[in-house]
Structure formats: structure tokens, C-alpha cells
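Dumping the structure here so I can ask a few things about it.
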Amino acid sequence: MTTPLDYQEIVEEIFQEIQPSLTKGNVANYIPALAKVDPNQFAMTITLKDGKQFSVGKSQEEFSIQSISKVLAFSLAIDIYSKSLYKRVGVEPSGNAFNSLVQLEYEGGIPRNPFINAGAIVVMDALISHYGGDYSALEKVLTFAREISDNPKIKFDAVVAKSEMEHASRNLSLAHLMKSFGNFDNDVRNVVQTYFKQCAIVMNTENLSRSMLYLAFKGKDPISGKEFLNELQAKRINALMLTCGHYDASGEFAYNVGLPAKSGVGGGIVAIVPNLMSIAVWSPRLNSHGNSLAGTLALQMFTRKSGLSIF
Amino acid sequence: MTTPLDYQEIVEEIFQEIQPSLTKGNVANYIPALAKVDPNQFAMTITLKDGKQFSVGKSQEEFSIQSISKVLAFSLAIDIYSKSLYKRVGVEPSGNAFNSLVQLEYEGGIPRNPFINAGAIVVMDALISHYGGDYSALEKVLTFAREISDNPKIKFDAVVAKSEMEHASRNLSLAHLMKSFGNFDNDVRNVVQTYFKQCAIVMNTENLSRSMLYLAFKGKDPISGKEFLNELQAKRINALMLTCGHYDASGEFAYNVGLPAKSGVGGGIVAIVPNLMSIAVWSPRLNSHGNSLAGTLALQMFTRKSGLSIF
Amino acid sequence: MTTPLDYQEIVEEIFQEIQPSLTKGNVANYIPALAKVDPNQFAMTITLKDGKQFSVGKSQEEFSIQSISKVLAFSLAIDIYSKSLYKRVGVEPSGNAFNSLVQLEYEGGIPRNPFINAGAIVVMDALISHYGGDYSALEKVLTFAREISDNPKIKFDAVVAKSEMEHASRNLSLAHLMKSFGNFDNDVRNVVQTYFKQCAIVMNTENLSRSMLYLAFKGKDPISGKEFLNELQAKRINALMLTCGHYDASGEFAYNVGLPAKSGVGGGIVAIVPNLMSIAVWSPRLNSHGNSLAGTLALQMFTRKSGLSIF
Amino acid sequence: MTTPLDYQEIVEEIFQEIQPSLTKGNVANYIPALAKVDPNQFAMTITLKDGKQFSVGKSQEEFSIQSISKVLAFSLAIDIYSKSLYKRVGVEPSGNAFNSLVQLEYEGGIPRNPFINAGAIVVMDALISHYGGDYSALEKVLTFAREISDNPKIKFDAVVAKSEMEHASRNLSLAHLMKSFGNFDNDVRNVVQTYFKQCAIVMNTENLSRSMLYLAFKGKDPISGKEFLNELQAKRINALMLTCGHYDASGEFAYNVGLPAKSGVGGGIVAIVPNLMSIAVWSPRLNSHGNSLAGTLALQMFTRKSGLSIF
């Protein structure tokens, strides 16, 4: 069996081996504020049940978690989901790029899953309807981020959110298309703006890895003891991350890594080993599918070295 | 040869024979202000070179010309088109519904032709850039409508335009999608709003039939003698009407009627017999492709009875 | 008015001006037997009502008429079409490449029109069912070709047909897909093979131009006096050529040339000026849409110089 | 912890609770030989590491395993896959129906994964190339089926295979389309025929559950001790089953059941609990996505009752 001591050795080995890959791929350039980040950085943090952490690289450097925030928003929405939201967004891999409109039109404005942009925007629309106003919904997501990370300082980067809003055409197009099909309740512009603020939440790998312990331990944070989700809900979110967590490269990620995980265009990825640990990696350069190139590789190395996977 | 006298007989025969069809099809219901029109009405007017008109039915009843206005806007834009606009919108039938996003995404935000919604919105965007402001562009279209109809009272219906703006999601989605591909210059909301005002221009079949003489006579109004387009430009717009004038039923219209024509969801259709006449029909109920059901039928009867067609 | 004398001058002017374009574009390479043709050749022939011809270039050089043969087959099938075949193939431009399966799947195995491959294969399937065997159907098409060209020597090139059969995967895929939707009656392989033989019919521009007079004169050959189609049928086939005659560049052809015409990947194009003439051009190099590059250009020059068009 | 004793109780509870669902859904009717099966049957068998089995219902009734055979074929091909086959077929969920051509055309004839029909046909094409002839490839699959089930009597049903070949249009269309893109080596008809024989392999739930132990135990059969795959290969096939095992309902299955599994239109499903067990269910009526309706439900009940899942 792999002992706690080994994890530090493993991440340090990965850190050595990953170096040649840190200059490959490209930083997301459609969000100007993100394009300014030093692209060759790398960080990785493992957090165990008792809070013990194993890190390498710039594990205290903050980055924009972007689409990883969709997991937080969906965790908050999952009660609503089982009651009514499932009619408005599916749980099926899309087989298309994260921002495609084609499938959305063919399927009557119902997004395939909550981790593609259209789906995440519908989730925010539902949270706003539920919590009464975009400010409240955003506060709710931020409060949740602070609770799961056990860090009251977590906030979003207003400059990044503003930068995204200035390049929002594609997401506005998705939202208006859903509205044309009757799958939208609130003002399009406000919902998209609030969604961008959610995406602009900032964490480092230590925060992020700590945050996701609740998904590794059946919905309950093993350190604080707080129960954020029930066992079935946690299982379902893990399943969603496995089938839909990496846009149109989710199958490849499952095939090569074999862990539930969610990536963001800021270069972060968080992965779950059920009943054992949460792992966060970060490296800004992306592969052709919009997932961190070195981050994906590091997680693949990790599962090879540790023998851990859900399969 | 058919003599002028015959035309009145022909339209009266058509008026008799069309009666059973006036209760078939449905009025466009996605624009609430249009849905209020008495649905079983019918009018038809033929205008010859010398201005002589042959009418039946409610030929003085005004209706919203809707997509027929795209012909006016494109006539104004055709100079810009040959210089630069052709890179932003094609001249090819779409093979899809008038408001589809699928093809627009696959083809990088370049609409197939100026008579589908996306293409007409791009034309308005170009007119606004060219004439300096949405008010000027709209004024330009209205002035053109007044000149070709020789009727200074032509205006748009502000209630219909407002009603359309309240149900604008699909068109806003199209416009934002084009903007995301870099195929948009001005503010999305303003362009779409101006486009709706253009679509809300009101005419009766006498106005409409009179208006389009310039397309029947090589770009030059045979009554006023004003040259609105040159011969090549008029030919091209007629070609566009033939291949793209009836959305995804353009082929069927060419096959059954055989005349360049443009329809609108207000129930109007205008058709051209080159070097001879312009014909306007109106009946609010639409067939499954969004074209006037009785209007299409009336034009088919007309070409059968008169033996006229371009083929 | 343009006098007969002018036509020879016009085609000779075109022949001069077209020279620089004869080395542009590429010969169809997916049919090996066609790829062997000397690519820089050009021919053009105009035929008037009385049979008088005006030619330039290699107007006696034979070429494979390929998709132009679809006009012949559909002329033979148009009686069947109005009775039952219209349920199996439409008359609408496709908005897609000539051999696309996408639309065919979305639209339940019903091809958009008889001039895309799927549609032409369905027409052959119907001819075989009607005339009782693939040999009879092929004979019928050949006999028709001989009658309209007034040339009993017209035949198909067995080497080209065999070469096409060896590269038939795409067409076999289309045919099997239609069969899976129930839109196929006979053996897939035999129908496709017979279709290839039809496509391999060989003509020169003098034959081809002569052949299509029946479409310029309301279905009746003005020289032999034979009535091949009635007036409505001839009008409909001309309409189809205008909206669907050049695959996914039909709109552009109508916009720039303004005549009903049909092209083939062998480099031939035949165009109709109703009530006046039939024009055949040939040049093997194709543009990106699969139509003869110099041939398209020559027809555009012709309509500019002559002022002739249907619009 | 769940003890062995509990499994029998659990499957019996499921058997009671599933009864009302046995008359819902429809038997696959596009394969006439399959449509003859008595539709209201049900069976379920769990097999543990030591071979101990827990069954309910008609666990000795044989059925056509259909698409479940794709797991066997891919297990045989996975060595070839890592060397060269990965260029010819992906590992990504398709987001489309199991037999769609649309995506295959857009993606240049490369099927999304080996569990949709096009992908499985490519795998068979590769096996035939590798093992030298369709007979050898088929023998290889059958031998593998006999080894993993530890049952030398396993065979395919020639009547079912023949019935499928008589309704093969869609699969022939897929194969010819891939051939047109150069993604096919052998004769289309023979490959598809051999593929149908593979799909016609017959098992009961006891055989099927026994067979898949090698995937639950890292590639090695825990009873015979034979190593069919290495650990990484077994993990990858499990990942593929999770993301692609249920056509376009794979995400929903992962969300609701949470186990790697593969279904077939014969009504069978096999699921894996890594390191613990293999479960086979069978019930012929299918849901709208082509997966056994009662079988899916039974597995969902099982994970709820047992608390077992990979997440």
C-alpha cells in the first residue's frame, strides 16, 4: 500500500518529470486578463482526510478557477436539480466543444450537462431564481467556497470578471438561444455577468485541494465535519465530473487518468480519489481541448505512480 | 399574348379559386402584435410598367412587410456589398430554417445570404456603419421605401417593432454569435432594434407592387425614371430572391411558381416578372415554412393561368 | 438587340480572355480515369433554335458529362416524379456539399433534390423499378441522350464507369443510408453501378449544346419537333437547374451568371437561355465547389457581354 | 460491510420490486430474430472473486449479448489499439445515437469510440487484418468468450447473425463512409458480416457475469488465474464502459448507477464493481436509448441497496 510519506516523493518526482512540458500549449487568450499570467508555472497539492497536504511548485500562487467553479454552483443547485432543474439541463457528455450552439439548437435549448457553458449559465439562472437576486446567488456561491475551503478570504477577481464580460458574445448568444426556447427565467445580461463573477473566483492549489474533500468523503468535510451534500449527491457529482469534467476530452481523461476531475481554462484541475484524497494541479498552458496540458499530464503520472484510480 | 385586360380577369379568377384556402395555415404567433391581424384576409395587386394596377381583395389594407424589407435594405447595401460586405454574408441558399444557428456556427459566423435573419442583421450592421448611426440607417431605408413606392407616407409600425423586440431572443442570439466570430461592428441591441423597425414597415399590396417595379425594370423605376440600381445589380437581387427568397422553401417556390419573389411572415409576398410587371399578394396565414399559404398558391395560379415565368 | 452574327464574336472574345484562367483549379482526382484528361483544354458551343452553332476551342473533343446526366435522368423520371417520386426526393437546394450524409440523416433519408448524388441515385432506383431492370433503365437514358442530341452514336465510357465503381464508397454509403430509411427499392450495388454508367456518358460541347435545346424551348426540340416534356415540366427542370444545378455554389452561379445551368465534375456545364439558345462549355479544372472554373467564368463573361439572363 | 449472504437478499428484493417494470419499454424490433423473444423476462446474477454466484429469475436462459461483445473484441484489440488503432477510433463519448453518421462525417470517418457501431466495426476490421481473415478473427473472439466464461460451449446464433445481415443497411452505410475516408482495410461486406456474428454470441446471466470477472480484477481472472489484460488495460476498458457503455445515455447511467457497464440491444447489461464483483442483468424490453429498461433500473436499485459504486 502507498503510505502518506510516499505522496511527497510522488509529487516531487512528477515536478521533475513535468518540467519539459511546462512550455507546451497556450494560455487561454480569449479572456485578456487571463492571458497576462506567467504561462510556465506549475503547482500541485494533495490533501488527505486529516488535512495533511503534500505540495510542489507554486502552491500558494493564486489563479482563476474558472469552470471548476461550476462544481461549486452545481453542488449548491443539486437539491433544486432533483426537483425541477433536471428538466432544464441534462447529465450527458456533449460530444462537442464547451461553447457549441449546434447541439443546443437541435436539442431545443436544453444543455447537455451543467459543466458546459450553457448548462452552467442555466444553473446560475436557477440559483438566482432560488436565492432571489443575482447578488444573493453570487454571495451564496462565495460563502460556499469559503466554507469548503475553510478560508473566509476567498473572493472573486473583479478585473477578470469584467474582462470576461467584455468578451461575452458567445455566452450571451448561448443564453439568448436558451431564452428563445423558454429555458431562461432572469435577465440574460445579469445572469451571464454573475456567472462570470463565479468563474473569477481565485484560489491556489492548497485552497482548491482542501475545498474538494467533501466530494472525496461522501459529501461531508472530514475535517470540519460539515455535511454539504448527502452520499448520493456526492456520488452523482463525481460521476458528472468523470463523464463531463473535461469538455470534449472527458473520455480521454477518464481513459488515461481514471479519476473524477474538473478543469478550468485558468489552468487548474481538481481530481478526487473517493474515500482518500483530493488533488489540485495548476499550470496555465492549455491543450487543444482547453484543459491544462501539464496539469492533465501530472494527474496521469500520479495515477501511474500511485496505482490509484476508481476503476 | 396576354393583354392588359386579361390581368384583371386573371386576378379575379384567382380570388374566386383561392377562397377555400384562406382558412388554412396559421398566422405567425411569435410576434404578438402580428397575431392580432384578422387571419382570413387576401389581397393581390399587379402593377405594369406604366403604373396601371389590377387588384382584388383588400388591396388597401396595410400589413407589416417584415422580411420583404430585406430586399430594400440589401438594395441600399449592394454597393457596399460588392466592395466589402460579400466577405461578411454570402449569396447561397441555406438549406435550413430562417433562424437557424447551426450553419452559422459551422460556417464561422458568416450568414449564407442576406435574406435569412442573420444575414439581414449583418446588412443592417453594415448600413449603420456606413450611414453613421442607427437612426440614419433607418431613415435611409424609410426614405428608400418612400421613393420606390412613390408614397411619402410610408412608415414603420412602432407597436410591432416593440413587440418584436420583446421576443428578440433568437435574433439576439444570432447577432451575439456573429459578434463572437468578429462579424459585427456595432452594438448588438441597437442593430437588432433597428432591424426590427425596418421589418415593421407597413404597406398595402398596391404600395408593395408599385414599389418593386425597379427590380422588374433593370433597376430603374419606369414611372419616375429614377435609377435606383444598375442593370447588373437588379439582376443579382432578382437572382437572390429566386434562390433565397422563401427561406427553406425557395426551391419549391422556384419549381412551382418560377418567379423571383420575397415573402415576409406578415403574409406578404412580392414577385417580379422581369421587363413586365411586379405582383404583390397578401394573406396572413402561413404554411409550415413561414410563407403565406394563400399567397404562394395565388402566385402559382397566376403563372399557370398567364404562362408567365422566367424559365 | 444581339444578332446571330455577334455570338461568334462573343465566344471568340471569351476564348481570348479565358486563357489565363485555364491553368487554375484542379481536375477531379477521385475518379482516376478522369484525372488523366489534359487539364488545360477549353471549348464552348452555342446552339440556336434553328440548329446554328457558334463554337470555340476543342468543341469536338469528347468528355464525361457526369452530373449533367442527372438532368437527362430526371427528364425521363418527371412523370413518375409528379405521381410518387416527389415523396422520395425534394426540390430544395441542399446548403451542403454534393455528397454529404449529414442532411440526409437528419431528414430521414429523403435527399434534398435530384441533382445531389443521393437524389440522382434515388432517381435511378425509380427508373429501374419503372423500366424493369438496370439494363433497361440505362438503355432508356442512352436512347434519350441519342434522341435529344440527334446523334445515335452517343454512348457511355465503360472505363470511366468502372473506375468510379472502384471508388464508390461514398455513394454506396449514401445508398445504404437511404435503404436503412426505407427509401430504396432495388439492389444497392446494381443501382449505383447503373448510375455510374449514366454519369459516364460522353459528349462534346457541340453534342451537349444541341441536346439541351428541348429545355430552352418548352420541352420540345425546335429542330426535330419532338416533344420530350410539356411546358410546365420544362419550366420546372429549368427552375431546378437554377436553384440546385451547381451543388453548394448554385446561389453564387445564379447571382453571377443568372441562367439555369447544370455542371459536372468532368468539367462540362450546360446553360439555357429560355426561348433562345442552349450553351455548353467545357474545361476540366474545377473550382473549390466542384464546378468547372473556366467554364463558370466563361458563362459569366457571356451574360455580361450579351446582356442575356433570365432576371 | 455488505456480507456475501446479503447479496442473495438484495437480488431477491430487486426481483420483487422490478416486477411492475417488466412490461415497460419495447424489444428491439429492427432485428427480426430478436423480436421473437418473450419480452417480460428478467434475470440477474452476481459473481464474486471466488466464483460464488447469486442469481434471480431466468439466469440460465440464453440471450444475444449484442453490443456487450464489443467489450470482448476491444479487449482483444487493446494491444493493437495502443500501437496504431487509436488513430482510427477515439475514446470519447459521442453525444449522438449509436448509429449516427453525422458526427462520423464531420470527424473525417474516425468513430468517437469502440462502443458505437462504427467504432466496433473498425475494431473488427483491425482484428481481421491482424489475425488474417474474418474466420480467424471471429474464432479468436469466440475462443476469448469461452476462456473468460470458462465455458467451452459458448457460440454465436447463426439465425440472429443472418437476420441482422438482412437488415444491415445502416451499418453498411457507416462502413462505406469510413472506407470513403480511408479508414477501412478489408471488404466491407465481410467485416460487417463477421461483426454481426460477434454480436450474435449467446450467453445467460450466469455466463456473462462469470465472464467479466477479469475486468473487475485488474485484467486477471481470479478463478482460473489467467491474465487476459494488464492492470492499465483493464482500467482503461472500465473507463470506456463508464463514459461510453450506454450509447447516448452513458452520462445518465453513470449519474444514477455509478458503475462501469456495457449494455446490448438483446436486453443484457454487465456491470463491474472493481476488486469485488461482476454483475449481469437481462430483460429484453429497452428504454428510449436502446438499453434494457428493467436492467438499468435493477442496477440502480442494486447500488442504492448495497451502497456500492466507484464514486
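Note that the chains take the letters A, B, C and D in the order they are written out, and that residue 1 is the start of every chain.
One rule holds for everything that comes next: a contact is a pair of C-beta atoms (placed from the backbone, for glycine too) under 8 Å apart; a residue touches a chain by one contact, two chains touch by 3 or more.
Everything numeric in this text was worked out from a predicted model, so none of it was measured.
Peer 1: Would you mind checking the shortest number of contact hops between subunit A and subunit C?
Peer 2: The distance in steps between these two chains is 2.
Peer 1: Quick one: point me to the chain whose Cα centre is farthest from that of subunit D.
Peer 2: Of all chains, B has its centre farthest from that of subunit D.
Peer 1: Just the number, please: Cα centre separation of subunit C and subunit D in whole Å.
Peer 2: The computed centroid separation for subunit C versus subunit D comes out at 48 Å.
Peer 1: State, to the nearest whole Å, the distance from the C-alpha centre of subunit B to the C-alpha centre of subunit D.
Peer 2: Once rounded, the distance between the two centres reads 55 Å.
Peer 1: Could you state the distance in Å from the CA-based centre of subunit A to that of subunit D?
Peer 2: Result: the chain centres lie 32 Å from each other.
Peer 1: Taking each residue of subunit C in turn, which ones touch at least two of the other chains?
Peer 2: Correct list: empty.
Peer 1: Could you please write down every pair of chains that are in touch?
Peer 2: Every pair of chains in contact is listed here: A-B, A-D, B-C, C-D.
Peer 1: For subunit C, which residues count as touching subunit B in their complex?
Peer 2: 90-96, 103, 112-113, 231-232, 234-236, 238-240, 242-244, 248-252, 254-256, 258, 260, 274, 304, 307, 309-311
Peer 1: Give the list of subunit A residues in touch with subunit B in this complex.
Peer 2: 100-102, 105-106, 169-170, 172-177, 179-180, 184, 188
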